[in-house]
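Note that the chains are named A, B, C, D, E and F in the order they appear, and that numbering of residues resets to 1 at the start of each chain.
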Amino acid sequence: MKLDVLVVAAHPDDAEISVGGTLLRLARAGKRIGVVDLTRGEMGTRGSADDRARETEAASALLRLSVRHNLQLPDGRVEATIEARERLAAIVREHQPDVLLAHHTDDLHPDHRTAGEIARTAWYLSGLSRLASDARPARRPSRLYHFMGHLPFEPTFVVDIGPVWEEKVRLVRCYATQLAPAGAEDRGEHFLFGADILARMETKARTYGERIGVRYGEPLLHRGPLPCFDPFLAPSGDEG
Amino acid sequence: MKLDVLVVAAHPDDAEISVGGTLLRLARAGKRIGVVDLTRGEMGTRGSADDRARETEAASALLRLSVRHNLQLPDGRVEATIEARERLAAIVREHQPDVLLAHHTDDLHPDHRTAGEIARTAWYLSGLSRLASDARPARRPSRLYHFMGHLPFEPTFVVDIGPVWEEKVRLVRCYATQLAPAGAEDRGEHFLFGADILARMETKARTYGERIGVRYGEPLLHRGPLPCFDPFLAPSGDEG
Amino acid sequence: MKLDVLVVAAHPDDAEISVGGTLLRLARAGKRIGVVDLTRGEMGTRGSADDRARETEAASALLRLSVRHNLQLPDGRVEATIEARERLAAIVREHQPDVLLAHHTDDLHPDHRTAGEIARTAWYLSGLSRLASDARPARRPSRLYHFMGHLPFEPTFVVDIGPVWEEKVRLVRCYATQLAPAGAEDRGEHFLFGADILARMETKARTYGERIGVRYGEPLLHRGPLPCFDPFLAPSGDEG
Amino acid sequence: MKLDVLVVAAHPDDAEISVGGTLLRLARAGKRIGVVDLTRGEMGTRGSADDRARETEAASALLRLSVRHNLQLPDGRVEATIEARERLAAIVREHQPDVLLAHHTDDLHPDHRTAGEIARTAWYLSGLSRLASDARPARRPSRLYHFMGHLPFEPTFVVDIGPVWEEKVRLVRCYATQLAPAGAEDRGEHFLFGADILARMETKARTYGERIGVRYGEPLLHRGPLPCFDPFLAPSGDEG
Amino acid sequence: MKLDVLVVAAHPDDAEISVGGTLLRLARAGKRIGVVDLTRGEMGTRGSADDRARETEAASALLRLSVRHNLQLPDGRVEATIEARERLAAIVREHQPDVLLAHHTDDLHPDHRTAGEIARTAWYLSGLSRLASDARPARRPSRLYHFMGHLPFEPTFVVDIGPVWEEKVRLVRCYATQLAPAGAEDRGEHFLFGADILARMETKARTYGERIGVRYGEPLLHRGPLPCFDPFLAPSGDEG
Amino acid sequence: MKLDVLVVAAHPDDAEISVGGTLLRLARAGKRIGVVDLTRGEMGTRGSADDRARETEAASALLRLSVRHNLQLPDGRVEATIEARERLAAIVREHQPDVLLAHHTDDLHPDHRTAGEIARTAWYLSGLSRLASDARPARRPSRLYHFMGHLPFEPTFVVDIGPVWEEKVRLVRCYATQLAPAGAEDRGEHFLFGADILARMETKARTYGERIGVRYGEPLLHRGPLPCFDPFLAPSGDEG
C-alpha cells in the first residue's frame, strides 16, 4: 500500500510522543500514514510487552494508521545490522512513502540513536535498484525528517500542533502503563528529567511552539537544503 | 507601497547576482518586489557610479521592481551605524514586506557582511512601535533570508531557478561594466576566484541546483526554525 | 561597595526576566547583588521610561539589591563604544564582584547582543591596571556568565529556581506595563513568540529545569573551562 | 612494494570520480600509486560486477597504478568489522604509503561513510607493532586525507586538476556502464542530484577550483594541524 | 560495594595517564574509587600483558582503589557489542558510583573512542529497571565526564592537580614498560606526537592548568548542562 | 619596499610572542619581513610606552625586520574604524607582501580581536583598485593566516620552531618590562593564566609542537581551502 508518510520509531510510544501531533494533523488532512516500531518496548521500566501492544493498538486507531509494523528487534539492544536496515528498506519500498520521519541519530537512549541511524541508512538503500525486487521497485522518499528525543537540537521546522493538542494528549494517554507509577518507589515523575511524560511533552511543545509564534509545536530536522517552491507567501504566525 | 519582498544589498548588482533568479520567479508570479541598495558601487574595480546607475535601471526594469532605493552609503566603507539601520527599518515599515532578503552576516567583502548585519538589525527594529510613526506602523517581516556572497554556507532552502536561468543571465549582463575587462591588465576573469562573474554564477547555480536535484538553484539561509504547514506533500525534485 | 554579583542588562526588566530566580536565591543566601541597566527602556513597546523607573524600583526592592546603576544609553540604540565599556569597567572595579552576569553576545534584540559584547569587554578591561585608579584597583571578576534572551543556546549550568519560583513571578509582575496590552490592537501576547512574557518565562524555566531534573531552572553559559573543586560529590537532581 | 600514495575507496569508480585528477597529477610526477577498493560494486544500479571489473582495469591502466586490491566486501553491506580494518591495515603496512586517501566518515551512501571509518581506523592500527609481522613492520602513513562524496564539507586543500582535466574525464568515461542509462526508465541523469556523473563531477571541480582561483579542483580534508614547511612562498592562484 | 567514582578505560594505563591526578585528589579526600579496564593492553607496542598486570597492580595500590575490574576484551579490537555494554552496566549497578569517568567518544585510538561509546551507553542502561536484578537495582550515576586522549577538546572543567602532581608522575612511572624504549629502533619518544608519555602528560597538564590559572590540570568534559548550586561563591584560581 | 611577509599585531610584543619563531625561521631563510603594530602598548600593566619602544627596537633587530610601522592607535581602545583599516590596507599595498599574519578575530583581549578584524578587512580592501593609487597598485596577499592569542583554536598548520626556540626565548626577553614583576603586589606570574609569559609561551609551543610531532611549534589558522601543490611528498615529523 502506497503511504504518504512512514514513521520509524524505536519503541511503541516514541512515534506518538515525538510526532503524534504532526501525525494527527496529517490524518485529518486525509493522508495515509504508517508506523514501523523497531521493538515491542519489552524492556521499558513500566508495563509488559502485552500491555504495550494493547496500548499501541489503541493509539494506532486514534492515529487512523493505515499500517503499523513491528520489527521485533530486542528492546534496549537495537543494533544497526545489515539485516535490520534492509528489512526497513524493504518496508519503505513496499509503501513508497513521500516522507520518512525518524529519530535523530544522536540521543541519550541508545535505541533511539541506533534507530535514527538505521532509518537514515534504509532511506538511502531504498533507492538502490539492485536491492529492490520487481514487486517493490526502488524508490527513495523525497524527505527524511528527524524528530526529537532526549537531546535538544535546532530544528529546521516546527509543526503547529495547536489544533490537535488535546487529541495528542489523549493519544499519549493510551500508553497508560508508561504514565503511571510502577510501584511505591516510583512516583511517576522521577525520570532522568524530573517530570512525567505528559509534563515534559507539554514543555517541549510550548518551547518549540514559541519558536514559531504558536502555542504548541513539534520540532523536525532536515539535513541539507530543501527545495523552496514559494516560501515567501506562506502565511506565518510570527507577526508583531 | 506594500511589497511582498524586499531585498537589501550592498552594491547595485549584488541583488541580481545573488537572488536574481528568485526575484524573476516571484515577478512572474505577480509579486511586488523592492530592492534597497546600500551604496552606488562607486568603488567597484570597474565602471563609474553613473555606469552602474544606468545598468541598475535596466536590471530593475527586467525585474519589474516596484521600487528601488539607494541609501548612498559610501562604497567600501559601509558601517553598521544607528542611522543606517534606522533608515533601513523605516523603509521596511514603509513597504511592509512579508519577506526580507539580505546578505549573510559573514562574507569576505566587508560591505557584504556589514549589509547583512544592518539588515538583521533593521528587521528586528522594524517591529518596535516606538521607532515607528503612525503613518508607518511597526511591522516585522515574517521571514529574513540570507543569500550567499563569497563564502559558502549550508543553505536551508534552494530556489529552483531553472525556469528563469536564461533570463537571469540577461539580467546580470545588464551590468556590462562589471563583466568586461577594465584594461589591458584586466583579463576579465582574474577576480579572487579566477573566473568571471557569469562563470562563477553558473557554477554556484549548478552546485546548489544539484543539492535539490534541479539544474540551477539559488541558496537561501533561514536562521531558526520555520513554521511547517505541509512539508510532506509538496512535490520534490529528488526522485530516484 | 564590594559586591558578590553584578548583573549587566540592556533594559530594566531584562535582569529580572533572565536571572531573577538566581538573584533571589543569592539574596536569600545573604549575597550582595548589584545591577547595571544600560538603558531606561524608553523605546519599549509598552510603558513610559517613568513607568519603567517606578517598576524597576519595586523590583530592586524585592531583589534586595545593594545598588542599581543605569548608564542611560539610548534604548534601541546601544552601541559598544569605548566610553560605554570603560564606564562599565569602572563600575566593575568599584564593586569588585566575584561574578558578572550578562546577556549572551548573540541575540535577536540588537541591544541584548551589544550589551553582551560590552560586558565581555568590560570584564577583560576591569583587570588592566592602567585603566584603573588608586581608589579602584584593577580586579577582574573570576567568572563571567551569559544569560539567555531570545535565542536558545546550550547552557553550561542551570540554576534550580524551584525554591523561588513564585517569588520570581511576583518579581516580574513588578513590570506591569510590560505585561499588559498597550491598546486595542495589542492582545498582550503577540510578541515575536506568540505568548506573553510570563508564559514564555515559565516555558523557559520548565525547559531548562528538566535538563537538570528540577521543576524550574535558569540557564547560564560559561565560555571556557571552569576550575573544578569537587564536582563529584555535589548532590544532584537527576536520579533514576 | 613501497607506494607513495594509497587510496581506499568503497566501489571501483569512487577513487577515479573523487580523486582521479589528483592521482593523474601524481602519476605524471612519477609517484607510485595504489588503490584498495572495498567492494566490486556489484550492487550498483547499473552494470554487472564483470563490467565493472573490466572498466576498473582500464581505469587503472590510465592511472598507471602500481597495484589495485579489492577486499571483496559485499557492496551495499560494508561493515566496519575488526577483520576488514585489519586486512586494510596489513595492506597499508605492506605498501608503506606516505599518504592515505579515503572517503569522508560522513556521507549519504552508507558504504562511503563506513569505508571512511575503516580507513581512519586502519591508518591508526597500521602503526601498532603488535599487529604487525616482521615482514611488514608497523608504519603509519604521515597523512590521511578524506575526499568528498555526496556531502559537501569545507576542505583543507584543493588540488588544482586543471592540467589533467581532460584526462580525468577520459578516466571516468572508462566506467561506461555507470554513465549510460540502464533502460527506458533511466534517463541517465536521474540520480539523487538530478544530473549525470560527469556533469556533477564538473560542477564539483569548478566549485572547488574557484575556491583557490583555478578552473578545476578536487577537495581534500585533513583532520588536525599539518606541519608547515614554507607556506609563505608557495606560488598561489589567487591574485587580484 | 558502593563507590563514589568509577573510571572506564580502554587499557590499564589510560586511567592513570588521563585522570590520575583527579583520582589521587579524590583518594586523599577519602573517596572510594574503582576502575574498569576494558582490555589488558596486550597489543601495546611495549610490554607484555603480564608486565602490564604487575604495573597495574602497583598503580592501583598508589591510587588506593577499592576495586579494579578487567573486562578482558581484546586489545586493539574493542567493539561496542551488546554484551560489552551490558557487562559494564552491571558493574555500574553493582557499585552505584555517583560519577562515571570515561574516554571521549572521539579519539585517534579506535579502542579509546569505542570505550567512550560503551561507557556512554552503559551509563544510560544502568538506569533501566528491566536490565537490573534485585540484587543490583537500576541506578544511573548522576554525572558522566569524558577525559581526554589523543584529540583535544574544549573541556567543561579542569581539575587542579597541582597538589598531587609529583604523585601522579610516580603513578604513571609504575607503567615502566610503557615508558622505556622497547629496542634499538625505539628511542622512547617517537610516538605519534614526538615526545614520550611523561613529557606529553606534563604538556597537557600545563596547558589545561593555565586555562584555570593553576600549574597543572586535567580536563573533563560534561555533555549537557549541570545543576549549579553555588557557582558564585566558590573560590577561584583566576584572579588578577 | 616589497616584503615577503607582513605581521599585523595589536601591541609591540604580540608579534614576537605569537609568531616570533616563525619569523626567525623566515629571516634565516632570507625573507623580507615587516611588522605593523597597531598601538604602542602604553596601557600595558607593566612598562612605559618608551620602555616598550626601546624593547621593540631590540626585538626588531633580532628579527632582522625590513620595516616596522606603528599606527599609534590608542592601546586598550583599538576600534575597527574605516580609517584604521584603510591605513593598514595602504601599508599592505605599499609592501605587497605575499603573506599576512594577524591576530585571530576572537580573543579575550578586545584589542586582539579588533586587530584581527581590521587585518581581515584590510586584506580584502588591499585588492580593490579604486582604493589604490598608481604608486601603490591594488594587490591582495595570497594568504592571510591568524595566529593565536589567549583563546585556543584548532590550527590549520603548526610551524616547527624547534630550530629557533632558544632564539625565540631571547627575542621575547627583549621585552623585559613585560616579564618582570611591576611591584610588590606583582609576583610576575599572576596573569589571567597563572603563569608568566615565558612559561605560557613554552607550554603553547610544546602543545602545538606535539600536534605535529616536534618539540616546539607555533599554530596558524587559514580560513578556507588552500591550494595544494604537493602535499603528498613533503617530509613529515609524525612517523611511528
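Criterion: a residue touches a chain if its C-beta (ideal position, glycine included) is under 8 Å from a C-beta of that chain, and two chains touch if they have at least 3 such contacts.
None of these values were measured; they are calculated from a predicted model.
Chemist: Quick one: point me to the chain whose Cα centre is farthest from that of chain E.
Modeler: Farthest by centroid: B.
Chemist: Using CA atoms for the superposition, what rotation angle relates chain C to chain E, in steps of 5 degrees?
Modeler: Superposing the C-alpha atoms of chain C on chain E needs a rotation of 180 degrees.
Chemist: With chain centres taken as the means of their Cα atoms, state the distance from chain A to chain F in Å.
Modeler: 52
Chemist: Where the centres are mean C-alpha positions, what is the separation of chain D from chain F, in Å?
Modeler: 38
Chemist: Which positions in chain A touch two or more other chains at once?
Modeler: Touching at least two other chains: 127, 140, 154, 192, 211-214, 224, 237-240.
Chemist: Please categorise the chain-chain contact pattern as a line, ring, star, complete graph or other.
Modeler: other
Chemist: Which two-chain combinations qualify as touching?
Modeler: A-B, A-C, A-D, A-E, B-C, B-D, B-F, C-E, C-F, D-E, D-F, E-F
Chemist: Would you mind writing out the residues of chain E in touch with chain F in their complex?
Modeler: Contact set of chain E toward chain F: 152, 154, 190-195, 199-200, 203-204, 206-207, 209-215, 237-240.
Chemist: Inside the complex, what are the residues of chain F that reach chain B?
Modeler: The touching residues are 82, 85, 121, 124-125, 127-131, 138, 140, 224.
Chemist: In the complex, go through chain B and note every residue touching chain A.
Modeler: Residue list for chain B touching chain A: 4-5, 26, 29, 31, 98-99, 127, 139-140, 142-143, 145, 154-160, 208, 211-214, 219-220, 224-240.
Chemist: Per the contact definition, I'd like the list of chain A residues that touch chain E in the complex.
Modeler: 42-45, 76-77, 79, 108-110, 151, 182, 192
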